[in-house]
Amino acid sequence: MFKKYWVFSLLLILTLLGKSFAAEKPLRINGSTTVNPVVTEAAEILSQRWQRPIYVDTQGGSSGGISSIGDHLIDIGMISKPLSEKDRKRYPKIDFVVTQIGTDALALVVNKDVVEGGVKALSKEEVKAIYEKKITNWKEVGGKDQAIFFYNKEPGRGTWEVFAKWVYTKIKLVPPVSHAEVGGNEEARTKVGTTPGSITQLSASWAQEGGSIVALGIKLDDGSVIYPTKKNIKERLYPLVRPLNLITNKTPEGINKDFINYVLSDEGQQLVKKHGYMSLNEF
Amino acid sequence: MNNNVLISLRNVSVFAKKKQLLSPVSFDVVPNTIHSLMGPSGVGKSTLLKCINRLTDLQPELRVEGEIWYRNKNILSPRTNVENIRKKIGMVFQAPVIFPGSIEKNVLFGIKRMAPEKKKDFPEILEMSLREAALWDEVKDRLKDRAHLLSVGQKQRLSIARVLALRPEIILLDEPTSALDPRSTELIENLFVSLKKAHTLILVTHDKSQTEGICDSCIEFTWENGVGKMNEIQAACGTSCEEPTLTLAPKLETI
Amino acid sequence: MIRKASFFFSFLCLIFFSAIVIFLFTESLPIWKSEGASFFSRKLWYYRNESFGLLAMVFGTVWVSILALGIAAPIGLGTAIYISEYSGGKARLFLKVLVELLAGVPSVVYGLLGVLVLRGWIRQTFSLQSGDTLLTAGILLAIMILPTLVSLSEDALQGVPRRYREASRAMGLTKVQAIIYTLLPSAKTGLISSGLLALGRALGETIAVFLVIGRADNRLPKTLFSLKPLVEAGQTLTSKLGGSEVNLAYGDPLHWGAICGAALVLLSMALVAYIIGELLIFQAPER
Amino acid sequence: MLDKLLNRLLPIVCFVCTLLTFLLLVGVISYVFSRGFSALSWEFLSTPTKEAGSAGGILYQILGTLILGFGTTIFVSPLAYGYALIHSFFLKSGKRKRLMSVFIYSLNGFPSIIFGIFGFFLFVKFLGWGKSWLAGGILLALVSLPTVTVAIIERIKEIPSLHKEAAYAMGFNGEKVAWSVIIPQSLGGYFTGLFLGLARAIGETAPILFTATVFAGATLPTGVSQSPVLSLPYHLFVLAQDSYNPQALTNGWGAALVLIGIVFTLSFLALPARMIVHQKAKNDE
């Protein structure tokens, strides 16, 4: 009895503490590591300019952004995929508003020795077979005799969902597989770069930077091969393209609106380009 | 050297680094006697005792000078095989040392490692040592029990039995009864007298009546300028000493 | 006043920690209701199909911890023996303090080293395709628990009174014999307990393991004693709990229940190792 | 025969083990040092992060870590002192005392990620604080609680009973004895424990992962709820996964070095007391 009363008063104190000492309203952003570099830099500039705190975090990737908006924990979510109906259904009380700030191509990225072994592109069927471990050696798709090591993006990452929708059309249809997982983009890049014969799903812009990893092309049904080059993306030849979005609850107002408008402005769009993504007027 | 002397200390002194702890000590020990070392605590009696089986080696900060002759060998010589010497010169400590395990294991602890070839004799050695230590009747039915369950007095006799199992010629006793009650002390003192028949005992003690009661000769140590110093041998009533109390007491009084 | 305040604050300690246990239990109720004991035996964890099984993670946790202890214990014991028996005075003090200092290196630093150094080394040494393996996590953990292990084992050896060493030396045993036949048996409880405490730490370590284990779900060997999983990626309870699923799970009672259930299982495993270890210290034989 | 072999081998084996242990551990430190040293400069320590870790310094990561340490101190101090006083002074019954001992020691066995999950539920979601430095402080206080408490308990045990008796003999009651004898004489233990506990808590990532820190943008907290901080361990954790150029990684190693520096400084502060304990262990034989 006595204990219960204590627990109750303790909770009360802690709640009051939180309520009465809430910080001056900061701008809180969380979500995809793909969108993060752009937003973090924008936030650095704006928090200087406006003299107010802007927190940026990348916990849980795109799904983390959506669920944090759903729980009213943040003001703006970063997601590197289209917002799905399922996402909306999960938070019926939230009026998600999506603002696209750029476009990114998603590539299948391999360690450079795979390309040196002769594999330059994969078809959707081959990718599916690799993902399901039906193909486990690069020689089965025209490469050298080398085992395939698949680094899967961890659950909740926008990259993974875009990939899964492309291969399986519905996320429900993806079979459970057991691959090693990677979280952020850099982790994916480091691990693929240091693991011979490995492959992962990664934003194409991250692949172009380093030398140890290479983005594969995609073999289309008619036999032609399309690489994730700027030109191919612009002309909508490359199939694996995804929007980079900022999401808010209700139509953005006040500081939320100001922030999003900045990213949409010429200055903000330069940041999108700087990090290797396609700005809105490019696509 | 006198044939009747078993151990002979010649100018043995002890240093800790630069500081002298004990001025040179010389005395002889005759076989089948109990020889006692007495004096205030800290004066260096125990250290001297440890010199005799080179246990001082364990404290690298100590340096021992002089000679200790035993069977035509100088114990303190660096060439001496320490392990063999220690097998012949057993030691019993102030507080009983009981190793984890059964009573039997404790008695055979040393012999198992020092003379493993005698394995078939172990049961015999076990019984003999326990009998000699006057413990056999109390523990013969529970040799496999944990030794930690024994009383303190029994533990000390067990420690003695463990030393006896190695058949030592000399037994060094470092205040062996100071942790015990009067009843156990008396039992162990009687034990020492009976051990004299086959062994030679060197005993460090604070208890004057103990010296008077069971010892054949006694050396007193005193302080001199912060250094331990041996006084002359006070009493040697020899092996024929039937009533040591009577012969020794007056002489000790004169110190 | 101070008496009342002290009672208040120690009650607060009790409340906080019992709250954690109660929270884990109540929040994980949905998974116990829907899965029951099969939560432990089910091989598949795939939250999109609402399939929650811990077997592969428990397997990974146990393997990684055993590896860590198996590597660290002999080295740690040797080091402890050396510090306690072969180094004297100032040298001993210096080594001891150095060990305690090194025990404080944060686990995220080990994680960083694991990602950038150890992974590559493992890959080359064992000529593997990828360096993300249970073995990598095990070795990294072994290095991490080594200082704790050395420090505690040295305490245990130091706790054996000098007269034990003297008594066995006085019988003519060599130094090594005295160590093997006297010192180690006398310090046995203390040594086992230091092993268990280190095991407790290994079981609960999150960040470093997270970064090098590969986080591959549902990896189980075909036969129980197959060593192959050691050089493959895997998952532990902690690497699951430190990952993105915690954020995803909140709001979905079953998924969140599974996460809390996994946390409860982890807590029980670590606490069992730890409490047995502590009890052994308390009940060390009288000397 | 076996014994003879062991006689020769054991010292060598033990020495090799020792060498291995220290080479490994010193190797870890010197590796971090060699990689991170080039990043260190006054500017690195005194400017905020720019471009997500690739440029600028780690000012707010350091300050955030110190703030978390401050929060930890505030919460752990009364908890640990209260617990220690009850355990070693106010409580007379042996059984309850034993229970309290087992409890406080077993807290050490709590995996730190458990605190993280609990904090995520209680502070972030249930109380609606969002990420907050205070939540981090409270959770890290729980992490360091056993260390601090045990250190105080050990010190109280060492207070000679004569001192207590003398105080009682002057007519003091328990309260006054606590104030005049127990607390002043156990302060040394408290500080030693606090430094060691903080050294452990400050390096922890798992408890603050979901509860107290963000990757970028936070400066100094102005309130309790919605007031995250940046921190060195979390910064490292994110950079280990998400740093997107080599300079960010070099800066990451620099941050690792600073973190180790803070932890070692705290351990050093506890050093004199630890030395005495070790020396005593040797003399007690």
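First chain written, first letter: the chains are A, B, C and D, and each begins at residue 1.
The criterion applied here is as follows: contacts are C-beta pairs under 8 Å (C-beta built on N, C-alpha and C of every residue); 3 or more make two chains touch, one makes a residue touch a chain.
Values in this document were obtained by computation on a predicted structure and should not be read as measured data.
Listing every chain that touches subunit A and subunit D alike gives C.
Each chain's centre was taken as the mean of its CA atoms, and the one lying most distant from subunit C is B.
The chain closest to the protein's centre is C, with centres computed as averages of CA atoms.
The chain pair C-D and the chain pair A-C differ in C-beta contact count, and the higher one is C-D. Each chain gets a centre from the mean of its Cα atoms; for subunit A and subunit B, those two points are 81 Å apart. Chain centres here are Cα means. That of subunit B falls 51 Å from that of subunit D. In this assembly, the C-alpha centroid of subunit C lies 18 Å from the C-alpha centroid of subunit D. Rounded to whole angstrom, the centroid-to-centroid distance between subunit A and subunit C, based on C-alpha atoms, equals 34 Å. The set of subunit A residues touching two or more other chains comprises 59, 71, 183, 187. The residues of subunit B that reach two or more other chains are 113, listed in rising order.
Shared contact sites, meaning residues of subunit D that touch two or more other chains, fall at 3, 125, 209-210, 239-241. Under the contact rule stated at the top, the pairs of chains that touch are A-C, A-D, B-C, C-D.
Interface residues of subunit A, counted against subunit C in their complex, comprise 3, 6-7, 10, 59-61, 63-64, 67-68, 70-71, 90, 147, 149, 154-157, 171-172, 174, 176, 178-183, 187, 190-191, 194-198.
Subunit C meets subunit A in the complex at residues 11-12, 15, 19, 44, 46-49, 51, 115-116, 119-120, 123, 129-132, 214-219, 233, 243-248, 250-251. By the touch rule above, subunit D contacts subunit C in their complex via residues 3, 6-7, 10-11, 13-18, 20-22, 24-26, 28-29, 31-32, 78-79, 81-83, 85-87, 90, 98, 100-118, 120-122, 125, 142, 145, 174-175, 178-179, 199-200, 202-206, 209-210, 233, 236-237, 239-241, 252-253, 256, 259-260, 263-264, 266-268, 271, 274-275, 278-279, 281-282, 285.
By the touch rule above, subunit C contacts subunit D in their complex via residues 1-3, 5-10, 12-14, 16-17, 19-20, 23-24, 27, 74-79, 81-83, 85-86, 92-93, 95-102, 104-113, 115, 117, 143, 146-147, 150, 155, 158-159, 161-162, 174-177, 179-180, 197, 200, 203-207, 211, 238, 241-242, 246-247, 250, 259-260, 263, 266-267, 270-271, 273-275, 278-279, 282.
Those residues of subunit B whose C-beta lies close enough to touch subunit C in the complex are 50, 53, 55, 58, 60, 82-87, 90-91, 93-95, 97, 99-101, 109-110, 113-114, 148, 159, 162-163, 166, 172.
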